[in-house]
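Here's the structure we're looking at; comments come further down.
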Amino acid sequence: ADQLTLQLKWVTQAQFAGYYVALEKGFYEDEGIDLTIKPGGPDIAPAQVLAGGGADVIVDWMPSALATREKGLGMVNIGQIYGKSGMMLTCLKSSGIASPEDFGGKTLGVWFFGNEYPFLSWMSKLGYETNGGDGVTVLKQGFNVDPIFQGQADCVSTMTYNEYGQVLDGGLTPDELILFKYEDEGVATLEDGLYVMEDTLEDPAKVDAYAKFLKASIAGWEWAKENPEEAAMIVLEYDDTGAQTEDHQVRMMTEVAKLLSASDKGIGYLEPEAYQRTVDVLLSSDSAPVITKEPEGAYTHVVFDAAMAL
Amino acid sequence: MKSTLLTALSVLIVLVQVGASLTLSEGFMTAAPAWWLLLIFFVASATRLMNEMTRWLDAQPNANRLFKLVVPGLFAVVLLTIWQTLTRGYSVPSVLLPAPSDIVLALFNNGPVLWADFKQTFLKAVLAGYVIGCVSGFIVAQLAVKSRFLELGLVPLGNFVSAIPIVGIAPIMVMWFGFDWPSKAAVIVVMTFFPMFINTLTGLQSVDALHKDLMHTYAAKSAQKFTTTQLPQALPYIFNALKINATLALIGAIVAEFFGTPIVGMGFRISTEVGRMNMDMVWATIVVAALAGSISYGALALLERRLLFWHASVRNAQP
Amino acid sequence: MQLAVKETEPAVEAVSHRKMIEIDDLSLVFQTNDGPVHALSDINLTIRQGDFVSFIGPSGCGKTTLLRVIADLERQTAGSIKVDGTSPEDARKNRLYGYVFQAPALLPWRTIAKNCAVPMEISGQSAAHQTSQIDKYLTMVGLQDFHQKYPWQLSGGMQQRASIARALCIEPELMLMDEPFGALDEITRDHMNMELLKIWEQTKKTVVFVTHSIAEAVLLSTHIVVMSPRPGRITKVIESPLPKLKTLALRDTEAFHQLAAEIRAALADEHAID
Amino acid sequence: MQTPLHHRSWFAVLSTVIAVIAIWYLAALWLNGQQLIKTYERKNQSWQLTDIVQQAYAVKRPMLPPPHQVVQEWVKTVFQTKPSSKRSLVFHTIVTLQSTLLGFALGTVLGILIAVGIVHNRTLESSFMPWVIASQTIPILAIAPIIVVVLGAMSITGIFPKAVIAMYLSFFPVTIGMVKGLRSADRLHMELMQTYFASSSQLFWKVRWYSAQPYLFASLKIAIASALVGAIVAELPTGSQGGLGARLLSGSYYGQTVQIWSALLMASLLGASLVFCVSVLEKLMLRKRGYQA
Amino acid sequence: MQLAVKETEPAVEAVSHRKMIEIDDLSLVFQTNDGPVHALSDINLTIRQGDFVSFIGPSGCGKTTLLRVIADLERQTAGSIKVDGTSPEDARKNRLYGYVFQAPALLPWRTIAKNCAVPMEISGQSAAHQTSQIDKYLTMVGLQDFHQKYPWQLSGGMQQRASIARALCIEPELMLMDEPFGALDEITRDHMNMELLKIWEQTKKTVVFVTHSIAEAVLLSTHIVVMSPRPGRITKVIESPLPKLKTLALRDTEAFHQLAAEIRAALADEHAID
């Protein structure tokens, strides 16, 4: 069997349910793939693991993948799992924010570590300075949404499938909050996609292995979408920290299902228009640009096509 | 004569290797593994030079202090050159490990950013936390040395707390003291308090029994005892704590920045730039941190030599 | 041999002087892990103002302990002691005595002169007085050229002399000296002995002196207290028949040898190699 | 003579512990209470002081959980959960303990080797020693993920990368203490050996090794505590592979303050018992060479 | 007074025995921060097999330094020295001598018996031989009951005796002893002196002995070397007229007192308190 290692972007959770389902249900095995899943963590950069040879395939967000590609690391998208962005800025109504025009002078919590690119593009589009001055005050938000409870921030970054639930759990009610989804603000960028090193695509055997992997993963995702509760349980099985709860994972799975790509070709196909939209958003920021020029060859449909042909 | 010639040859080989590592094109080691030969000769030559330099310096008891930095300097050159040779020679992706030359470039190109980070982390959080932690540890030790009750109660507690991995309190401190530097300073206060407390207490109690008796025969007041015997006797221990704390403080601040910061600071920079794949910038920040730490440590060590000229550890120290 | 001191009047006595130290039935037991150590047992002793009393005896017989009791560095477990009519503690607080330890006990971070200044700083003497006293006594012990040296730059003997100068600087009523000259060579020791005698004769201070050397005890003392170990006790108190004004030449006299022989005999009585 | 009550060790320790717990409860009331008040005000509800006092000790996401909450959680995850379960704190403690002990062992060996080299070779001392010190000024957390990734690239995974970080923190005190200890051999003893024309290995095994032992043990106590810090710090970036560090992280990730505190409590117990083990070893070793406890 | 030793034949001499130590025009200068210290200057001395030579002189006159040069613990800066016909280094490598330091220098982590075993372990003697030697010499110094004690459980004097036993165990040709009895009380010292004399007389080993005590030097030595400081030099070498076979009673003889007086005069000549 072909040995492959998949590096996740974050800790074991329903965000990555499809891969765990495929592993648990033997979809990879059926395709002749021996897959190892490496969970990520707050300071694991999947691209770095990919460059070091610690993984064959990684899950990454497109903004940071494109930025890394511009740094000279030839990584290529071979399949896009999420078609929509789940990112949003969650603000307290009591802070007086009603629309993005009110951000000036407010404190916003943001994730960094390569997750900040969409935010920076958005602020640049709105014309806010992010380095102090008369723009917005940015906090590097830790791992949780505490700042909004403790009054340290007016807004925090949340994912629809994860942190937003925590905000509600923490005692804030939807009517106390106002949400700015990146999708709605026209600054959405593509999130979880699968990336490999460009030079490995020259090897037909590798492409074949990727295709089998992609096919099984897609099957896993489809199964997860249909059976969110069982999928969540499978994820829980694989969580080594023992900190995840069933409620939370089921809710996450339900939310994640809404984000899976909905193109006619099914989950895993990267729509060129969606790709172009992401590139445009990233290019549009004039201060601190995430990328400076149109990327070339940043994605390929070869693997997806091969997978469909299997 | 022969040895002079050998030395000259060694210097030459070192220079050639350093030059080669900087100028040859990417991937030269992969292309021509024969370069390994030069690298091996380089290590041998540099070892020889370090040996000779050490011997020469040892024979020169009155040589300038600065000369003593030459040997460790050469050692650093060796390490950096090997690093440079291997990363460039095998074109290691800079995303994994940048070449030293890239790091130096990043240092020069990002001066203002690095300075702002340094100000935030070192000048604000580390200094404040270090001073508060050390001073309060010192003061509480005074109280404990005066009251047997406090000593009996606090010392086991101190020993217990110093076994706690204090980094664990970083998320709590961020929760309590906010995102800016005070939460980092708070972590440092907790980290540095106990080493200073335990060391000062041990120092104050280590007063020679004979000196204690002597002060007793003079019917000295406790303030007089403190300044004449206890404080000088405790100084070596206090310096010990100051030096330990100097390294702890920086680690504490950077770990605490991991759990939330404003968008400036050395810990912030490191974790953000890793995410952005700017490893040269990451290493540049590490260099700044290591420099700041080493210089603080060195300054403390110098001060210690000054103040403790009378202490056996200083008098017997190698030249 | 049982001590025959209590029954008769205390033997150490000088005419018409007030009692400086009065010890009655004093015992001291140290509690240690291995059980109690009877360091001093039933000590009776009176020392009068102006006396020069030497304690002599084998190692571990309690000489140091007895001196420490007088100095309020140790407290007896039975019996009583009066120093200058008061308790040892009050005597200490009145800064009645100067103590020279068996080891020099100099502070390594102070120069020799600054070390001598310590007791005067503590009792709040003027700086001018300090300097003149230090000059005087450092010269007396032959360290006039070593004011600015640190203790660790001096030989053991020189350090010991510095510590003697330090005790002399405050010119105490009572000098308690624990083998002060043990670390000195014979010639320097002779010299120091004569200096000490000179000071004692001039000032009529009281001196309590611990020594291992029979010759030294004979040369210096008005009274010699012979002690014996396990338990530490006084076996004999010998009053010196020698003249008060002594010279080194005394050592070749018959009286000297006789007294020395008497002490040696008293010591040997109780002594067996341990 | 009777020792007065307040000079008895157990009394002083007990009083201190009680004082700490009392302050803890007060602080919990203060911190959690303020949070509660803020919530009430945001919701425009009125509140009474008694409500606050009642609720402050039972908040779901407390700023500072009161001791009993921490202990409850600790008991629940330690005793009422199967140790093989990933929800058991015992499971995570063992994960951390493994990398701590491996790192400590590696660090001790490395530290001793470096010290022996430094003491026997002047060049090594003059060239290497300053960098040993400088190495500790590198923020370990910064290189932890790099080490994990680089070792991962060489397909070295599991506890070894974490042990390497634990080793990195723990070798330093050992080196420093050992160098000091080896050097602290009495000059007279060294000269004595010289008069016997002892070889340098005889010198090492008959004199230096013994003079170094007290320093070594003092250092080992620091080193094992540092190794634990290293193991925990190393578990932060690899956050999802278990261990007390991962518990701290996931506690922080999900705002589970009680989980953070109980992981911290466990970490302190672990740290204290590790140090205790080293001191027992020290006592045994020193007794073997004739010192009384 | 200039040393008159060089011009005449070396004064320390015993009939028909080979030369054990030969020192010619030897000087030793220590370089220190404060400038050079002339510890030894123009030393000329010959010691023959079977001699018992004492060095005496005030503190700091270089006695220890000279002994250390002989033991190859220090190297001269000028002049030459031969020990048993070879260099001091070779003599040391041949394990020719035993050295007793001024301090006991016992290893605190070994029992007394194990301490005595150290030199024999190093030179690879059999375990049985070690035990019998240790038994013999620990008994000789009166420590037969202390085999299993640790050094810190013994008094200073007992420790010093243990260190002497340790040196004796290897029965070296040459004993170098640096004030070995300084820490002992007078009675024990007498005892040890007699034991040392007994061993020396029985074995006819060569002994070089440093002391502060004139009486001890007279009692023990065949030759007495009087030294003087700044710079450290030999001022006089006195050959003892006393019989080789000595007893403590000798101390009360006229010859004894006369020799002691001669040494005292030689010392005083050069001595002024420093």
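Letters A, B, C, D and E mark the chains as written, and numbering starts fresh at 1 in each.
Everything below uses one rule, namely that a contact is a pair of C-beta atoms (placed from the backbone, for glycine too) under 8 Å apart; a residue touches a chain by one contact, two chains touch by 3 or more.
In this text, all values refer to a predicted model and were calculated from it rather than measured experimentally.
Student: Indicate the lowest number of steps between chain C and chain D, counting one step per move to a touching chain.
Tutor: 2
Student: Which chains does chain D share as contact partners with chain E?
Tutor: Touching chain D as well as chain E, we find no chain at all.
Student: Hey, which pair has more contacts between C-betas, B-D or A-D?
Tutor: Result: the pair with more contacts is B-D.
Student: Turning chain C onto chain E with a C-alpha fit: angle in degrees, nearest 5?
Tutor: Rotation angle between the two copies comes out at 175 degrees.
Student: Calculate how many whole Å lie between the centre of chain A and the centre of chain C, each centre taken as the average of the chain's C-alpha atoms.
Tutor: About 87 Å, centre to centre.
Student: Please tell me the distance, in whole Å, between the geometric centres of chain A and chain D computed from their C-alpha atoms.
Tutor: 36
Student: Chain A to chain B: how many Å between their CA centres?
Tutor: 39
Student: Can you check how far apart chain B and chain C are, centre to centre, with Cα atoms defining each centre and the answer in Å?
Tutor: Here chain B and chain C have centroids separated by 52 Å.
Student: Which residues does chain B have that touch at least 2 chains other than itself?
Tutor: If we look for residues of chain B contacting two or more partner chains, we find 96, 171, 175, 258-259, 274.
Student: Return the residues of chain E touching two or more other chains; collapse runs of consecutive numbers into ranges.
Tutor: Chain E, residues with two or more chain partners: not present.
Student: Can you list every residue of chain D that touches 2 or more other chains, as numbers and ranges?
Tutor: 63, 145, 149-150, 153, 236, 251-252 - these are the residues of chain D that touch more than one other chain.
Student: Every pair of chains that touch: which are they?
Tutor: So the chains that touch one another pair up as A-B, A-D, B-C, B-D, C-E, D-E.
Student: Which stretch or stretches of chain B touch chain D in the complex?
Tutor: That would be residues 47, 50-51, 53-55, 57-58, 68-69, 71-72, 74-76, 96-97, 148-154, 156-157, 159-169, 171-172, 175-176, 246-247, 250-251, 254-255, 258-259, 266-267, 270, 274, 282, 285-286, 289-290, 292-294, 296-297, 313, 316, 318 of chain B.
Student: Taking the complex as given, what residues does chain A use to touch chain B?
Tutor: By the definition above, chain A touches chain B via 42-43, 45, 47-48, 51-52, 64, 67-68, 71-73, 110, 112-116, 130-131, 137-143, 146-147, 150, 152.
Student: With touch defined as at the start, can you tell me which chain C residues reach chain E in the complex?
Tutor: 58-60, 142, 155-158, 184-188, 191, 212-214, 252, 264, 267-268, 271, 273-274
Student: Please give the residue numbers of chain B that touch chain C in the complex, ascending.
Tutor: Checking each residue of chain B against chain C gives 208, 210-211, 213-221, 224, 228-229, 232, 310-311, 315.
Student: In their complex, what parts of chain D are in touch with chain E?
Tutor: 186, 188-189, 191-198, 202, 206-207, 210, 289-290
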